[in-house]
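Structure incoming, see below.
Just so it is clear, A, B, C, D and E label the chains in written order, and each chain counts residues from 1 on its own.
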Amino acid sequence: MTLDPLLLAVAAPLCVAAAIALGLPKKLAVPLAYLGFGVPLLVSLWAWASFGAAAKEAHGYAFVTRYSTGLDGFGIALKLGLNGIALPVFVLAGVVGFAAGLYAIQSGAERLKTYLLLLLIMQGGLMGAFASVDVFYFYFFHELALIPTFIMVGVWGGRDRTYAAMMMTVYLTLGAMLSLVGLIAIYVKSGASSFDLFAIRDALSAAPLGTVTQTHIFGILLFGFGILVSLWPFHSWAPPGYGAAPTSAAMLHAGVLKKFGLYGLIQVALPLLPSGLGRWGSTLLVLAAVGNVLVIGLVTVAQRDLKQMVGYSSVMHMGYAFLGIAAASALGASGVVMLMVAHGLSVALLFLLSTSLHRRTGTFDMEAMGGVAQKAPLLAWLFVAATFASIGLPGMANFWGELTIFVALWQFSHWATVVAVAGTIISAVYGLRAAANIFFGRPTETFERVCEASPPSDLAWGERLPAFILLATILFIGVWPRSISVPINAALGAPRAAAAPAR
Amino acid sequence: MTPSLESYVMLSAALFAVGFLGVLIRRNTLVIFMCLELMLIASTLALAAFSRFNGTEDGDVFIFFILTVAAAEVAVGLAIIVALFRARQTVNVNELDSLKH
Amino acid sequence: MDFSTLRQLAAGNAWGAIWPEVSLACLALLLLVLEMVLPRGAHRRIPAVSLLGQLAVLALVLTHLGAPTRPLFNGLIEQSPSGQVMRAFLIAASILVCLLARESLPRQPVPRTEFHHIVLVVTAALMLLVQSRNFVMLFVALETVTVGFYILVSYTRGNPGSLEAGLKYLVMGALSSALLLFGIVLLYGVAGNPALPGRTAEAMQYPALAAFLEANPHNFMAAAGIVLVLAGVGFKIGAVPFQIWVPDVYQGAPTPVTAFLAVSSKAAGFAVLLVLVEQVFLPYEWLVTPVLTCMAAATLIFGNLAALKQHNVKRLIGLSGVSHAGFILLAVIPAAHSQAAAGAVYFYLVAYLLASFLVFGVMTVMSGPDDTRQELGDYAGLARQSPFLAGVLACGLGSLAGIPPLAGFLGKVFAFVAAFRAGHYGLLALAVLGVVVSIYYYFGWIRAAYFSDEPPLSADVLARVRSSGLLLRVVLALLAVGTIALGFYQGPLGSLVSGQ
Amino acid sequence: MEHAAFICLSAFTLACAACVVLSRNTVNGAMCLLLCLMGIAGLFIQLHAALLAFILILVYAGAVVTLFLFIIMLLDMQGGRPWRPRGVEIAAGAVSAALVIGGLDLLALRGRLPSAVPASAEVGASLRLYAYQLFTTYFLPVQVIGFLLLIAMLGVILLSHRARREGPR
Amino acid sequence: MTPLCAALTVLLAPLLSAAVIALLLGRRGGPASALSTLVSALVAGLALWLAVGGRHFSASREWLRFGDFAISMGFQFDALAALMLSIVGVVGLCVHVFSLGYMRDDPHKARYFGGLSMFMFSMIGIVLADNLFMMFVFWELVGFSSYFLINHWHERREAADAAKKAFITNRVGDWGFLLGIILCYWTNGTVSLSGLAAEHAFSRAVALLLFCGAVGKSAQLPLQVWLPDAMEGPTPVSALIHAATMVAAGIYMLCRIEPIMAPDALTVITWVGTLTALYAALCAVTQRDIKKVLAYSTLSQLGYMVAAFGMGSSSAAMFHLTTHAFFKALLFLGSGSVIMGCHHEQDIFRMGGLRRRMPLTFWTFTVAVAAISGLPGLAGFFSKDAILALAYGASTPVFAILAFTAALTAFYMFRLWKIVFLGAPRTDAASHAHEAGLPVTAPLVLLAALSVVGGYLRLYPAGLSAVFAGVHEAEGGARIVILGTSLVVLVVGAGAALAFYGEGGTDALEERFPGLFGLLVALRASFDAAYGWYVAKVQRRVAIALNFVDIVAIAGAAVRGLAGAVEIVGFGVRALHTGRLGTYVYWFLGGVVILWAYAAGLL
């Protein structure tokens, strides 16, 4: 059989992880880890580059391959493939994963091998979750990626890591279980008696479910996935979790893993249950999402701890995504996909830089810093860039997503749009205030003393490289949004999608 | 006239119930154990009655097995009780609660 | 005593068909013989003999999977594909039990050969139990198993805890077998009644009984008999309200016996239950389904809640076992009408076997001479001192919790699908909450092993960890690999359970 | 006449059973059990199952009850603290008794069986029948029982032996 | 070279230079400044070439498409764009050159010039944009460049805060702007300028929402607070961004979307502009900081332009924008030169007598003062008269206010002029002040020349004069009135200032009319106070309250509480295992009874 890149991208990290688990010596483990993170990156970039030209199968999927694992009787098989929705997230996983991997390798954490092992498992799971066409494996790989965070937070975590790890895991398991039930419901009710997305789609397009059934199933999925994506008020796991999580785990989780829920809603729930959104979207969902934007936005303003702030801000930005879904239009969904990618990149960058900052200042308390830009200019300007990315400056990827969502949202609800756009002011407030407090002005006495003790240096290459990779991707998408908008548009099949030149 | 099948069944059921009650209310391990034996025997009575009135022999054969099994059970059970008495100097089940919660 | 009798005897009894049981029994006898003939110095070899012998049998059984369905011994037992699976399952379990015993018994002042002997006999009886299609056979095999377990549970008689557990198991077991017996008697009596339609002369045989029940779907005596039989089986599988003995007995019994109880005895119970639900009690679904549903619901709630704040690992694993019974019942209930559901049960059992023995293996290594008092706290620092054992433990607990990519996850998914297909939404909701709660205690255990290095492992535990046998480590590694591999690739087992 | 015998026997048996449960002294309890078994044996005979009655007496009166008595003596409990139920226990007992009796009533009411005429079976024939059944139809269980007895014997030896020399390594 | 690729070059060259500086020249100031200046020269040259060529063209390229929704990037190069482009080019060039001198010794010169190039890129983007989305993109980008440049001396807390304030205040304006664009898209189905010109769907909401953008960017009431603080940035930046170009972008944008302006919206716009003009002029009177004075005068002049637009003449607005760009840039650069001379002293009362020390600066500055005060013959005179004429025709109160503002303008400008240049030096810094080198003086001269001739419309190339088509001299009686008014206000204002302010190192107004002075100061401070109160008392408290709720109610009560409840139940269930057989058998009894009852159909 010919070598299948997607399978390679999924298997490479897992195989490296297995090798490390079988007791590879450290000096072999690290180079292999580079391989384990590099292969997915390369594959994802290759897929990105060649997607347009690649031959499309049913439902606009490319690179489709199927491997039987002996569960054909249950309608389960490892079926890999990418469509225009999966591709951007797949690329996101590849890029962020690579950055996180690099950062982890140079972080020199104690028990580094175990750390890399878990991170590799996470990476493999992520690639698999977004590359699998089979709904079962889509969930399977997500859980696979989810669980390592428990141990990573618990072992390498920061403040009250044990509680954070426990709550995060139990809470997320609840969400995951709900969504599993929802997926099973689709599997059974669709009558396809197969988890293969193609089969389910065909079955449902042949005989759609009743509106009531759709609404029920969609509700389960919505709240299951909602918990995973920290939909307000089910977000309580996120801030402490991210506050405690070690950097690479936080990068991968907040950056990529969290997007699984949104991805599931767009890739599975919306197309399969077209009339399921109705009741939820117009009432509960939009209220909750506005809660994300407005309430959590203001809560973010109140934070003093940098990592908490970043955590809350990522919760807030999920609000835009949910609003985009609530808009119940191809346009809104497209915006959400763009925003997912962009937010993933920017929040990962922010987490990375916060840790680098913590290394130099020894604290996450923003009031206790100041004037860091004089000591570490590069760090400062990268952080400012990341901040502006996350507050949606044009030229950065986030802008396009947010803009599209706003445009789509107006059709759905005026007042929600007004609130959402007001949210951009809030994020500017906390983002810029953080930047000003930390980097500009004169250093506080405490920080002066820290500097006496150990004069902080600027970013080392091990920290620069991942940061540059992330920022470069953000800028590239920001300047040239077509690079992901064309496949998204093709996949979400908006009316004149076909007319869109696939350049 | 001969007593009816039901009377036999009810009798054995009553014996069974008495045994069960014994298990419930007694605290002496040996007595409990006797009551358990009583329950087994009670069911054999019903079995015998059934096979007699239904004209099928399986019941009688089954009684044979039951008796044997019961005997073996008694042997092992009494051995355990004795060993436990050696260890704890009691046969009161309420005092044998080192394993709990 | 004329010749025809012997011919009759020869005709009915196809001993060749139950060669695995026979060979296990012979092996058991062989062990006793060896102990008599061999010098005391060579007794250490005897466990090896039993292990090798069982391995040989297991290999042969595995080659004969998928034997055709046919009744044997005048219908006392029946050979069937699922029966073959259970045979292999039980032999594998007994091998692992013997392995654990090999590790832990030497720490106790107790004889070893007899342990292996009894385990072998009990395993053979279990194998007959799961294949039996006749109540007499069922009762006899069941009693053999039960009596064997009385002895095994109180095996370390130097330890009062073990004896107390033995007594508790004795009383509870005897009570439940009495109930079962009375149920059987009622069924036998009502089915043989000449005045009733579909009356049968051989009421002890499943098919005949099923035919009778078909003819009288609403007979109270039959119903009473059925519920009493279910109560008896409920004791074996540890379903609420017949589960109350579980934590005490699990805690008191020697760890290998606990494993034996938790895996083999429970699995056999489920196999019997499946046969009854699928083949015999089908006409009484109006009764069986709601009863089992209530049992399952209660079991799910009780097992998970009781395990939530449990710190003694043996009690914890026992109570989690109760919750697993709930999950399996989820798939048993619809099994009467769906091949896939029955398959789900078997898959779950296999996954449960692998995962449980991973955990029990680690517990055996960690446990001292008195293995009734093993607390979660004793695992602090395990990950630092012995990453291997910690990894194995995490793998096992993860699989029990149902975390991909471990086999346990698939088991749960299949069970959920089965329940959803049958429309038991409420039960499913309970199961989901149960999983969430179970995450708390399973991961609490992992947390104990991984997160906290204080206090470090005590010296003797460390010594045991260091000195744990290579064979056991290899087997644990294999089990872990199996758990993971089964999660990724189910292969023939998958197609078997999915009824293809 | 047969009916009267049945009434007497059953009354006797039930009374003995009650005594087993209620007797304060364990030895008396064992004795009552013995008598109860006698009564059941009598009922067996009335059911034309003389052989079973014989076995019952043999196995139970001969072995089991003796064993019980022996153990009671061994554990030196014939004097022992007599049984004094506490209030809670009495209440619980009463409740459970009520429940059990209710269950019996149910059986009596709902479990009506069309009473059949007892099939006529010869005692001598039934002995022959036994052997036949045991050696043909139920040959496998017989073997299993053999192993059951074997492990039971082993178990008793194991459990009652004083600690062996086979100590920890 | 076709106009299109010329325009492309104009747009992308600064971006390129910014990128090169950011990536390669981060540490090396010299090459960076050289590169950036050369690029700006190139831009200026091409801009003028395009303007003189007078070739109008438009081109567009689809940038993002989802179904029917498409965002495109394109140029619409017409007279208006040409005019704005050449202003940006020329002033930008002057500022670059000036910066060579002004920032000579700055350690982060490279970053500074990178920022300038970035700004040029963004600004030119706004100028050339052919649709509102693209305009919004670059709109935000100029905001970012402004943030970046104000923040140049970020070790000064004030600078950092000012930058933050500028960006956030602009965000508030952009909130309306973006909503306006979206609403415009859904109502008109298009956001391309040409499309809108064809549409003529007058919508008050759209007009006002879009105007919010102008309010933010052009610092109109009530969002004017950021501009004075923005003076924390280097002076050339103030000249380029906060006087000549970026703040004028608001007016430019309004002129671009003139077709969809609803009449009643225009009235609002007029009044906002008028009040801003008055308010800012009043504030300017009390300032001691030379740059703050100029900042407030900028506000006031922007108010004029907005008012002019509001009164329906984009030509007048653009005309004043043009002349203002020249003389205000000149003023700022002049003040920059003064500040350099006085070793970064900005308090006018610590200067004085610079006429002798810095003659060139003095004369150019004088030209600018005269121009802004509307001395006949200079640029400011014509443009301001055009606006006054409009106001005279439109509404009397507006006319009165604007006239009064003009008087105030003359007053505070001459106050500044007198205190800074005349009299004797009050500090030795001032006494040792000296003229800086050619890079500083050359731009002054160039801009002075432009401020002189900028008012004569027939001097503008044909391509540009089209913009001013709507500028009419008032006729007949009106003409006399306007002329008279402007002369009177000039004389009164200037005379009052010259007479009133003495040689002393203190503010005469403060001494003689402390009440009035205090009133004016309070007026200036009122807005900051209001916003400060909102941020500190409202927003912060709400945020903290919500944070409390989030932690206590959701994370605490809901999540931890639920977990705790379950744990308690767990303890209870665990306690059921009493360890006594006596209790365990009752479980069996219960089970059997329930099952039995169920079988009997009792349950």
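Following the convention adopted for this analysis, a residue touches a chain if its C-beta (ideal position, glycine included) is under 8 Å from a C-beta of that chain, and two chains touch if they have at least 3 such contacts.
Since the structure is predicted, the reported quantities are computational estimates derived from the model, not experimental observations.
Enquirer: Among all other chains, pick the one whose mean CA position is farthest from the mean CA position of chain E.
Expert: It is D.
Enquirer: Which chain's mean C-alpha position is nearest the mean C-alpha position of the whole protein set?
Expert: A
Enquirer: Sort the chain pairs by how many C-beta pairs are in contact and tell me the top one.
Expert: After counting contacts between each pair of chains, the winner is B-D.
Enquirer: Please tell me the distance, in whole Å, between the geometric centres of chain B and chain C computed from their C-alpha atoms.
Expert: The computed centroid separation for chain B versus chain C comes out at 26 Å.
Enquirer: From the C-alpha centre of chain A to that of chain D, how far is it in Å?
Expert: 70
Enquirer: Centre to centre, by mean C-alpha position, how many angstrom separate chain C and chain E?
Expert: Chain C and chain E have C-alpha centres separated by 78 Å.
Enquirer: If you average the CA atoms of chain D and of chain E, how far apart do the two points sit, in angstrom?
Expert: 102
Enquirer: Quick one: which residues in chain B touch 2 or more of the other chains?
Expert: 9, 13, 19-20, 23-24, 27, 32-33, 49, 53-55, 58, 61, 65, 69, 72-73, 76, 80-81, 83, 93, 96, 98-100
Enquirer: Spell out, as numbers or ranges, the residues of chain E touching 2 or more other chains.
Expert: 574, 577, 579, 581-582, 585-586, 589, 592, 596, 600
Enquirer: Going by the contact rule already set, what residues in chain D reach two or more other chains?
Expert: In chain D, the residues touching two or more other chains are 89, 92, 96, 100, 103, 106-107, 110-111, 113, 116, 137-138, 141, 145, 148, 152, 155, 159.
Enquirer: All pairs of touching chains, please: list them by chain label.
Expert: A-C, A-E, B-C, B-D, B-E, C-D, C-E, D-E
Enquirer: Note which residues of chain D are touching chain C in the complex, please.
Expert: Interface residues on chain D, with respect to chain C: 106-107, 110-111, 113-114, 116, 132, 135-141, 144-145, 147-148, 150-152, 154-155, 158-159, 163-164, 166-169.
Enquirer: Note which residues of chain E are touching chain C in the complex, please.
Expert: My answer: residues 566-567, 569-571, 573-574, 576-577, 579, 581, 584-585, 587-588, 590-592, 594-596, 598-600.
Enquirer: With touch defined as at the start, can you tell me which chain C residues reach chain E in the complex?
Expert: 167-168, 171-172, 175-176, 179, 220, 223-224, 226-228, 230-231, 234, 240-242, 244-245, 247-248, 287, 290-291, 302, 305-310, 315, 437
Enquirer: Give every residue of chain B touching chain D within the complex, in rising order.
Expert: 1-11, 13-15, 17-22, 24-28, 30-31, 33-35, 37-38, 41, 44-45, 48-49, 52-55, 57-58, 60-61, 63-65, 67-76, 78-83, 85, 91
Enquirer: What part of chain D is in contact with chain E in the complex they form?
Expert: 89, 92, 96, 99-100, 103, 106, 110
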